[in-house]
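Take a look at these structures.
Shared between the two complexes below is chain A, which has chain B as its partner in the first and chain C in the second.
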Partner chain A sequence: MDIQTTAQIINFLAAMVLLTAFGMLVQRRIYGLIHLFAWQGLFLSVSTAIVGYAAGRHHLYISAVLTLTLKVILLPYILNVLIHKLKIRKEIETVVNVPLTMLIGIALVIFSYSLTAPVREMSTLVTRSILAIALATVMIGLLMMITRRHAVTQIIGFLAMENGLFFAATSATYGMPLVVELGLFFAATSATYGMPLVVELGVAIDILIAAFIFGIFFFHINTTFDSLDVEQMARLKEGE
Partner chain B sequence: MIFSPLDLASLSILLFLLQVLLAPFFKKNERFMVNVCFSLAAAASLLAVAAGIWTVENGTTEKAILALGLPDLPFHLRLDSLSGFFLTTIGLLAFYVSVYSIGYVRGFIGQRPVMRLVIFYSFFIAGMFMVVLADDALFFLISWEFMAAASYFLVMYEDEKAENKRAAFLYLVIAHIGAVAILLSFGVMAGLATGFKDFSGYTFDAMRASHFPVEWATAAFFLSFFGFAAKAGIIPLHVWLPEAHPVAPSNISALMSGVMLKTAIYGIIRVTLDIIKVFPWWWGAVVLVFGLVSAVMGVLYALMQHDLKRLLAYHSVENIGIILIGIGLCMVFTSFQMPLIAALALTAGVYHTMNHAMFKGLLFMGAGAVLHATHERNMEEMGGLIHKMPWTAVLFLIGCVSISALPPFNGFVSEWLTFQAFLLSPSLPAPILKLLMPIGAAILALTGALAAACFVKAFGVTFLGRWRGQHKPKIQEVNWPMRIGMMLAAATCLLLGILPTLFIGWMDTIPVQLVGSTISESAGTYGWLWLTPVAPERASYSGVIVFLGILAVVAVAYIMLHVKPGAIRRGNAWDCGFEKLTERMQYNATSFSMPIRRIFGYLFDIKEQVDLSPQSAHSAFPKRLNYYLRVRDRVWGWLYKPIAEASFWLSRKVGMLQQGRIQTYLIYSFITIILLLVFVK
Partner chain C sequence: MPLLILLGVPLFAAVVLAFVGDRKYAPEINIAGSAATFLAGLDLALDVYNNGPMLAGNKFFFVDAFNVYLAVLTSFVSMTTAIFSRRYMRREREHGRVGHWGMRFYHAMFQLFIFAMLLCLLTNNVGVLWIAMELATLSTVLLVSLYRTPTAIEAAWKYFILCGVGIAQALFGTVLLYFASEKVLGEGGEALLWTNLIQSSGKLEPTILSLAFVFLMVGYGTKVGLVPLHNWLPDAHSEGPTPISAVLSGLLLNVALYALVRCKAIVDGSTHTHYAGNIMMGFGIISILVAAFSLLRQKDIKRMFSYSSIEHMGIATFAFGLGGPIATYGALLHMLVHSLAKSSIFFTVGHASQMHRTQEMDKIKGLIRGNPLVGWGMMFGAMAIVGMPPFGIFTSEFLILTATIKDAPLMTPFLLLGLAVAFAAVFRKVQPMVAGEIPPYQKSMKVANAPVLLHMAIVLAVGLYMPVFLNQWFHKAVQILK
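Then we have the complex of A and B:
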């Protein structure tokens, strides 16, 4: 497999990641969302493996396997169980309507490309164009958290954001100082192809713990407010 | 030598901390806990006194570095003459108050848990010791906050009353605003000491070694002065004092007023004379003006009070003012290179610090004894206590005479020394100071006179005359530990008053260390009997002779009255020769201070009204007469209310950010990230 093909494949996978991100932005049903999230994890995992192969960084295989187990199997499973236990079957209400959200998403992608343009010019890595997509994924994840009202969707948004971070870290570039300048702390660990293994393991455990904490929170929010609609939490505001 | 003074001082602090660990074991037997812990506190305080006396006597400076603190920023300790002096002052009063507390805290047993009081009492004194021993900004501030937090919990001790919570909160707020200013001041000095390169400038040694540009030094000085003023209760930052002191238990009020305020004086001296060292003369003038205003306003406000402890709290403002006058004069003279007079002014200020600790401690202990016996703080409801509580009355009287600056007690000596410094001011080169100084001296004299008037009122209304209250409680003299605590303080007041020369000779290492001159030689020209601060032909005072003279007059009067039987006739107290007057018609605190309230009325926010009822009767023959009087600090309306309103307004505006919706909060971070990305690109 020559470098050109590799780059093509990686770019294709990156496009798929972005596509799933947009898919999540549009998806109204919760099971669909979780499926999309699993797919995104799968693309991420495959792309990580290929980057590892192309760059000869074999520890990236471990990352790929970790991503696969955590994000494709474990987390969707946990979320499914949670939804089942909490008996959530409703459609998800959005705060902003879907077309507008899509438009904002597109604007964010363009913004990300313009932002990472200097990096892409400087870098010679096969993965250089991924950074823009990774950043876009992060921001779309955040956008999802903002536009959705349901606690579970917010968590999926958060996890999608984390996917973007991971993507940025594994793809990464030599344009490291600039990445730091972006003010996104995660990228600081992405010196070259992939993070050091220790950091990776740490991140993996973080995600797992976060998932557990979210689970516990779901139960508590649900028992306190009889609903997982975060709008209800406005009642916690002081003074009214 | 096996021990050094610093070892003793550290041991003392450790003993206090040990008590905190020890107290919970005696929870079952509270009486035993009070006895053991306060006895231990008294012993530990004596250790600190020994360390202090020893250091000041020899003028030694001892340093140590503790293995505590942050990584690479260890705590530094230093015991020099100045810290030694404050260690002695704090330790001495802590010793007296600890003895007193053995008796006083007994009164709380059964009413509320005393363990809290015991623990925070130990923390509080340990905190004060740490403040004066600290030799770096970090340890200083930690100790400072430690002390403030401990005293906050002590003020809150009787926390079921809303009044106490309010007072404690006010105290905490002002203490923290002050602490922030001190922190900033140290930040400026530490930064300049290393050129903002690293953190090594946080030690006082590094700050001492550097020379600050005058504008930065001014910023640092005023920040720290503001911060210390908040703690010392200098007008207009005094508002917490009259709130917090009355509601705290009386042994705590004695310590807070007697010595905690003095840590702020210590801070001012440390920062100006020891760390910054070179400064323009107008700094001293500013300190002097604040001192004068605090002195005269403090005593005027005190005159308006009829709550005994509140009155004493306002007198703390006055006395802090007098101390500041000494310090301010010292700063002025130092900046004009007149070390001899600077030494005199510094000695006066520092001497008054010690004196105030003693007599204010004594007075608060006396007020506590009255409170303990009568459960009453309002003087208008008291009277004639001298018959029921003769010991307390005499000891309180000694405190009153001392604070009114009357010989032969200690207050006179330090105020007299301050006057001497004022009288030497015509030699100053700045014309504006030549104008300011006589006014200052006059204000100081006025303060002394008003203080005397105020304590005639405090003592007369509380202890003389007849009981004014509606119901007559059974009043007993207080127990022995309380009496002993007060007696020790009273004896110290007398000794400091009649043997000033010895005391000045002892503390002479402080002016040597800070302004490079000594006054003990000129002050002790004629030995211990005569105090001659500048030169014998200029001014001299002998406490011993005055004391003996007063004793002789009293003895002669006593003999003349008792030699002939029938020379003494007993009538009703304060009936002015009429016989039909009741207790309610006696002269009282409000009527006593009325002339002064008329003269200085414009300084206060006074609301006074008289209701005649019933209205139908002829106004010349009212059945009932209601008199309503409310005197308030003008500072509240002028300074604090606008600030409080502004901060509430601002808080409401900021509160609008708080929508309670997660999405909104996420949008805030989202927009922040986008903006950062756009602008930092």
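Then we have the complex of A and C:
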């Protein structure tokens, strides 16, 4: 593969990541959301692997596999089980004002491009435009968390944000030691690169603990409020 | 070696306490663990004091005058909080507010939280700094919802989501930082080490670093509780158990500010302008003003003192942003005395709310007659926190004010307004609580004296006379941050 084709494939995958982000913004069904989230993870994983191949950074393969297991298999599975246990399968959420949300989303993409413009000009990497899309994905995840009222949807928005961050960390910089190098490369890299294993494990563990915590939370919220609608949480306000 | 003990003890204690669970001696193990951590911290501080900054563990840890004083402070306050929480949590258990699993969880997570904060302070790797920050959040989220009341769950959810979002922005900032530094320092872990970054900060691309700082500011600023990112803070600090409020207000905010200041040093080295400082000053002054006016309308005692924490963090952020030796010295001192005074206030608040079985200020009365230590403790704590002489906060605020008049005179009226409003608000609310007759529903109880007395004594002593070693220490830290 020459540079040109690689760049095109990666840009295509980046576009798909962004597309799934927009899809999640307006998807009403929770199951549909989880599917879209899994697809986003898949595009991310493939893109990471291709960057790894093209740039000759083989440790990115490990990142790709890690994304695949964590974001495409494990987290959607956990979410599915939780939804099943909490019996909220059929719950459909009303999404307020789809056209407006979409327009804000588009504005966020433009904003991300203009914000990262100075960085793009300096970059020599094949993947230089990825940073803008990664930032846009983070912003859209944030928007989703603001506009949605369901606890599960808010968490999916949060995870989508993390997808954007991961995208930035792996593809835009050819793999930060932060999110790569699991186990295998430890012996080879520790001597020269400090302790990336610790860093990497730390991020993975943080995500897993977060998953554990929101699982517990769903149960607490459900039993206390009889619903996972966070709109009901409005007791803590500034008293007049 | 003391470094390993310092980090190892809380982690080990967390595991032990997870197994010990709700047994009778669990609080004692908690105290012993925290005391050992404190001793290790002192030992490390002595080492750094005599031999200067040190790198350890294959450059993984970096200890200098700036972070070691915060590490000692963190381990000290966690020790006194553990002493305070022994009786407090036992009583909560008797009242049935916490169950068997709750107690197990509480003790284990308390130690894990201390570990996360110490790791955050001592690591040299800005990636690990981020991870430890996230770990500190995650370990306290479920402690905030420990009582399982609707409001507690709401507060914890808010804390989880808002801090999660905030800290995600900080990770994006860290990625950008790496993006800039790998061009200079090469790929790999070396490019994330703070000592390397600060050395070669002049070669880092200023535009990327300016952008990175915006994200780092929003991210770590959320954890510092700066307005307008502060929404989670009053809820989380008021709904959780009081010992947790004490460590969240007294310690976690400091640690987050520490992370921000370290990042600022790198950005300053690259841009050579006052850009990062100006952003911090802006966030700081808005926090001071908004928090001061919010103080006026609080009804819940813990909520009120949480807003006071936002105000004080605003002052410290403002001072670090202002820069210069006097303001930085003031900010460092402010972090120390605020942390001690605020956690001591939370101890007395915890006792007061247990005596009255409520956190509403209207119903808390006659504290001095009911229990002189709690009453006077809260009174003096409030006097210290609003910046009355001779307490240490007066000294630090005076230094910051002097520097403001000299370097940023236009900001002076805003700063003074914030301080004055906060002064009036806190006094107006605290005075009726401590004075007056004992209400019929007040219960008398034994309280832990040592933590409050110890904290207030230090705050007073620092205000009267600055010890030589502390003075030298701060001067060294100012040198690092200049």
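A few points about this structure:
The rule is short, and it goes like this: the second predicted complex is superposed on the first by the 201 of 240 C-alpha atoms of A that agree within 3 Å, B and C clash if a C-alpha of one lies under 4 Å from a C-alpha of the other, contacts with A are read in each partner's own complex, and residues count from 1 in each chain.
Throughout what follows, a contact is a pair of C-beta atoms (placed from the backbone, for glycine too) under 8 Å apart; a residue touches a chain by one contact, two chains touch by 3 or more.
Because the structure is predicted, anything quoted here is derived from the model rather than measured.
In the superposed model, A:214 lies in contact with chain C only, and not with chain B.
Once the two complexes are laid over each other on the shared chain, residue contacts for A:142 go to chain B and to chain C alike.
Residue by residue along chain A, chain B and chain C are tallied for touches, and C comes out ahead.
By the touch criterion stated above, A:165 is placed in contact with chain C alone, chain B being left untouched.
In the superposition on chain A, A:63 contacts neither chain B nor chain C. After overlaying the two complexes on the shared chain, residue contacts for A:111 are found with chain B alone; chain C is out of touch.
By the touch criterion defined above, A:154 lies against chain B and chain C together after alignment on the C-alpha atoms of chain A. In the superposition on chain A, contact of A:101 is made with neither chain B nor chain C. Under the contact criterion defined above, the residues of chain A that touch both chain B in one complex and chain C in the other are 115, 142, 145, 154, 230, 233-236, 238-239.
Across the complex, chain A is touched by residues 58-60, 125, 127-128, 131-132, 134-135, 138, 141-142, 145, 148-151, 153-158, 160-161, 164-165, 168-169, 171-172, 174-176, 178-179, 182, 187-193, 205, 207-208, 211, 235, 239, 294, 297-300 of chain C. Residues 95, 111, 115, 139, 142-143, 145-147, 149, 154, 181-183, 230-231, 233-239 of chain A touch chain B in their complex.
Those residues of chain A whose C-beta lies close enough to touch chain C in the complex are 115-116, 118-119, 122-123, 131, 135, 138, 142, 145, 151, 154, 158, 161-162, 165, 168-169, 172-178, 189-190, 192-196, 198-199, 202-203, 206, 209-210, 213-214, 216-217, 220-221, 224-225, 230, 233-236, 238-240. Within the complex formed with chain A, the residues of chain B that make contact are 655, 658-663, 666-667, 669-670, 673-674, 676-677, 680-681.
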